[in-house]
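Here it is: the structure, laid out below.
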Amino acid sequence: MIDVLGFLITLTTYIGIYLVLSLTLTLEVSSGITNFGKVAFYGLGAYTGALIGTYLPLAITGSRASPFDVNGIQLLYTISKSNPVLDLSVFLLSLAAGFAVSALFGLLLTYPIHRVGSALVGFTLLSTGEVLRLFYLNTEPLGESKGFMGIPNPFAWLPQARGAEALYLIIVWCFVGLTYFIVSRIMNSPLGRILKGMRDDELVALYAGWPTPLIKSKVLALTSGLTGVAGVLWAYYFTSINPNMFTPSLTFNIWAMVILGGIDSIVGGVLGTVLLASVDYAARFVIPFIGTTLVTPDYLRWIIVGLVMLVVLLKKPEGLAPRRGGVSKL
Amino acid sequence: MITQDLISFFLFSLLYLTVTIPLVLAYRVTKVINFTVANYITYGAYTAVLLDYYMRSSFGHNSLLLTVLSSFAVTGLIAVLSNLAVFKPLAEMRVKGDVLMIASMGLWIVLKYVLYIVSDIASSAWRTNLVSYSQIHYDDISLLTVRAGLVGVQQSLVVFPLLALASMLILYLVLNATRVGRAVLAVADNSVLASLSGIAVGRVVSLTWFLTAGLTSLAGVMWTTYSGAITPEVGDSLILQVFTIAFIGGLSSLTRTAAGALLISGVENFGTDLLSTYLGLPTSIKPMLTFTVLLATLIVSPPLGVAGGVPYRFTRGARR
Amino acid sequence: MGVKLIVEKVTKRFGGVVALNRVSINVPSSLVVGLIGPNGSGKTTLFNVVTGYYTPDEGRVLIEGSGRVVDITGWNPNRISRLGVARTFQIPRLIPSLTVLENMLLFYDYGSCASITCSLRRKWVDVEEAAVARAMSILREFGLESIAHKRPAELSAGHLKLVETLRGLMSDAKLFMLDEPFAGVESWMARKLTDTIRKINREKGSTFVVIEHRITELLEGVDYVYVLHNGSLLAEGKPDEAVSDERVIKAYLGK
Amino acid sequence: MRLTPASLAFLLIGLVVGLPLGYVFSTTTSPQSTGAPQAGQAREYQVGFTLPLSGELSSIGKIWEKVVYLALDDLNNEVKAYGFNVTFKPVILDDGTQDDKALANVQSFAQMGIKVVIGPAASSQVKAVKSFADANHIVIISPSSTAPTLAIPNDFIFRTVGSDAKQAKALATLAYTQGARTVVVFHRNDEYGNAFADFFTRYFSQFNNTKVYDLPYQAGLSDYTSEVNALASKVQSTGADSVVLIAFDTDAANILAHAAGNSVLSSVRWFLSEGPHGAQELLSPTIGQFAQKTRLLGTRPLFVHNPLYDEFAKKLKEKYGVEPTVFCDTLYDAVQLAGWAILRAGKYDGDAIRAALVEVAKHYYGPSGWTMFDENGDKAFQDYGVWAIVKTDQGYQFMDVGMVQGDSVIFTTTPYR
């Protein structure tokens, strides 16, 4: 028997986390920030969350165990199962810290890239992501290649696994709602129009009196912070992270979702995300029963994603659900 | 180990030059920040791999000349087709440079995984592992080295200078000695003016795609004589360095690009070794060195014009 | 009410090329001034220096209005724009994805209402209403109501130039710097543009600096003319004087 | 109402989610499913596999897939011979050697009602699925995860291979008995390489007069020139007599090819871990000659001269035309153990199967030897063989040339003259 409820919970959790990424990317793209380094901020958030989620409970309970030892990992499991207050407060603290750290990083990064055009911005952010990954890989307190394990699930103390999953889903979707609110309010405001102007012709926006690099850095700080929170949510959902989870292919995936739906429409981005994430997850229930394995399904999947991106750009640049009307909504 | 570092510095400089000079020229003509450069390198290398397997199993030997010609043709054709299918229609829609770049990203993904599937199928058909292939030896190069009295010299030491030189020579001759080449240069300088003076810009752009992609694929062929394991990741792994070099050159100046190639190659080969030997840093900081150079370039001398940035200064008040 | 523009011995070099060589001009308030010269004489570079695109290598740029003198050398373009300096471009630059109305609104000073917090709290509604009313009244005043909801791609070159000029009014510009306003514009539209410039100049007292590349098509009724050649100021004076200056004729006709 | 893009897209999503659900419903609720046994019908059990068919470990993943089919054929024949009216059916998913995909795979297995999952390959992937598996009582049997940090008792993770700690000891013994005294450990900077190197250092330092220097390199690059140059500098400055290389296949081939062109590195001995064993790239003339020159040796988990292993290798070659690479034997045994444990448990339930698995493993002996688990659910007894690259008439070939027994190494053939 197929477990429909479990299927839906898992699927919607993945979709929720991806939605935060694609919504923030939509805002970035509509402000002219070609963020090819989405994974940098995501990973930073995840690592911040993991750092707090493992070191802090061990420190509070007065244990000297390292979070990378078997002892420490087992202790973390025990704490998360027995101490709901500590478990939840560590999680909430991580969310806040993930936002702060990623936002600050986004703000700092705007300095080197403020004067160059979008191609260089994209490329610089792309390499930033890779450099951060190498940083995690070579930093001992971050677990080097081992990464973190035993990040406490905030609802691990619940007796049934299903209950914990459902509660986590609710948290993820509350945050999706918040992100949607922020992104749509900004995009449908005079600021949204300024951002659009910046994207199309930054010089004109500058001559219109707007300090575009400053606005850009504020937007990037906000979206990076939100992306960082998505990273925290990911880390606590996964309960173990390591540097190799944060490769550029994640960024390209999000880009594909956003392009599919329409490059500057919120609804489009949401649709693209839901569509692609659903196909990805649901495909697991079909692929094993097809029977042939000569062509790796993952390769085929990427080819289709790439082709869909190209077709959308060529034939329907506004995507599945284009943004309707002007910006001004009175 | 200064000699080893010198050798790798020399080889990598040549490799980077072979990729970045055509890249910059292509950008000046096509205005596409082109991710598929990675594919050109990989397809060059994999044409060599497939050909090597076929030649070895059918004839027992393999030739560099044949490999170079087929790599050039295959890659050049792919580039021309991708221009016709993607970049030309997009350019006619007058989209921004960003969209061209994103499209090239999509195309890069497609081409990358097509190659994976091709090498998987070839591997299972020929019952061998082509997804990770051993270093290739070219018999005509062995012959050449023996004739020249260089017995025991690694093939890469011969092939790298040979192909890099050939690439530069072809580029120089085509651009300066032929009419169509001069047309390419004219379009690179100013495409509007060029079209006004009666140059068929469309054909020149197609030719540029063919030529630059073909020349880039030589880097892939060079790679097959150097690396111990050829994988479909070859091109992707060079992207960071290649674009850093191109950005140092501002995507316009060929001399600055060449200087950038030497700089990055030097930083990577000497820098990594020095830091590892004297400061005990791990060699994995190599990409960080490249990235530092990129950041320094962005802060000290941002390539303003071509990259489309705005003139904004964070310093306050009047300044000279 | 217009402002006075003072450019003092400005020099701008690009590599070894001297694009502007100790250029000094002094545009009195509320005049329409022409800036002429052959291709490559430094007209647009001068605009770029005044509006903050480039920082001059030497010299100063000053704006004098309401009895105050402000040294704007090295300021960022957005700050100079907020001071009341509006410019247009040789090839009109409007935001393609925004309508004419929205393009106008982009130049309105929303102040703190353009901040992220204000957007989240939707505190901008009143200001937006005022801005739209203002933009519509400007468009109406110049008979452009009908194109308010069109996108730039649907407009003629003349309309683009017109909108580009008018959007300066959204930010209360006191100094307009127009880069070849008549290039590629049909003659009836050119007349309309001239009328518009005159009207703004008359009613608001704004100062205009207008680049014109062809000496013969110089704007009717320009009050004063500066002639640039090879980055230096060649001549200045009343239009007919300047045009008949033999150095100017030489610069235009021969080597 | 006209069809808006939004409603169109929702329709699409509905189809995308609904179709596979419907499909699986129809297949899993059909009589042959894991549900109630039907008279006369063979009862079918599904076993989940999450294999690295793409990504970094794809070259061995492709061979593993064949091993899975071989093992299931053997298992099904065997249980039939015992008179059980059951068949085992594989459900194979690719995880791209990525952690998040491994978890998503295990989650979808759980939702399909599958209680036993074989794989994932890498330790980081096992870590990623551990929390979910423990919470949902899914038995995970990894044939190749060797990270010591996963040696946790009372969980749902089993490993049919010994931890790297044991192999590190074997490699240290091999290196020492071969005369190595000052070694540079050149290893992947990842979970596998770092843990292996740590243990190697620990054991090798216990011998007299030994010195160990540690040099990690970034894994996953497509070239290792500067890394090899740094290694040469290190060997020269420390006066090392041997290099210990802890690597996978592609990186090892690359490193050895560059080392072959380096005079310093060609004049020291080389000792390798099990990762590169079986990789075709290592049989190129460049590396083959280098191996002869440096008398290259490696260890790998293997019970040398185990007739079951030879039989397994022969069958694999006959049926699928491939040579078994590293961890093929442990994968084969993982499949067998899973099958017998399901039968012994009597019901398809995670807890029951876990308990049964421990018992079954005590009495099973396969290509990888005796499979008994220790208290952490890892293989309790692991033997290690010594491999070399030898020159034959068909070019260079891998050969198992001996075994490590406690503190000594027994050679069955002399690989290098």
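By letter and in written order, the chains are A, B, C and D; residue numbering begins at 1 in each of them.
Basically, a contact is a pair of C-beta atoms (placed from the backbone, for glycine too) under 8 Å apart; a residue touches a chain by one contact, two chains touch by 3 or more.
Note that this is a predicted model, so its numbers are computed, not measured.
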{"item": "Chain whose average C-alpha position is farthest from chain B's own", "value": "C"}
{"item": "Centroid spacing, where centroids are CA-atom means, of chain A and chain C in whole angstrom", "value": "44"}
{"item": "Interchain centroid distance [CA atoms averaged], chain B/chain D, Å", "value": "36"}
{"item": "For chain A paired with chain B, centre-to-centre distance based on mean C-alpha positions, whole Å", "value": "32"}
{"item": "For chain C, residues contacting two or more additional chains", "value": "76-78"}
{"item": "Multi-partner residues of chain D (each touching 2 or more other chains)", "value": "54, 58, 189, 218"}
{"item": "Multi-chain contact residues (two or more partners), chain A", "value": "134, 137-138, 200, 203, 206, 211-212, 296, 299"}
{"item": "Inter-chain touch pairs (all)", "value": "A-B, A-C, A-D, B-C, B-D"}
{"item": "Interfacial residue positions of chain A with respect to chain D in the complex", "value": "1-4, 6-7, 10-11, 14, 68-70, 73-74, 134, 137-138, 144-147, 149, 153, 156, 161, 164, 238-240, 242, 244-245, 261, 267-268, 271, 274-275, 278-279, 281-289, 293, 296-299, 320-322"}
{"item": "Parts of chain C lying in touch with chain A, wherever the complex brings them together", "value": "51, 76-79, 81-82, 86-87, 93-99, 101-102, 105-107, 109-110, 113-116, 118-120, 122, 124-125, 127-129, 131-132, 149, 167, 171"}
{"item": "Chain C-touching residues of chain A, taken from the complex the two chains share", "value": "181-182, 185-186, 189-194, 196-197, 200-201, 203-212, 218-219, 222, 264, 326-328, 330"}
{"item": "Residue ranges of chain B touching chain C (in the complex, touch as defined)", "value": "310-313, 315, 317-320"}
{"item": "Footprint of chain D on chain B - complex, ascending", "value": "1, 4-5, 8, 11-12, 116, 120, 123-124, 127-129, 131-135, 137, 154, 226-229, 231, 233-234, 236-238, 268-269, 272-273, 276-277, 282-284, 286-287"}
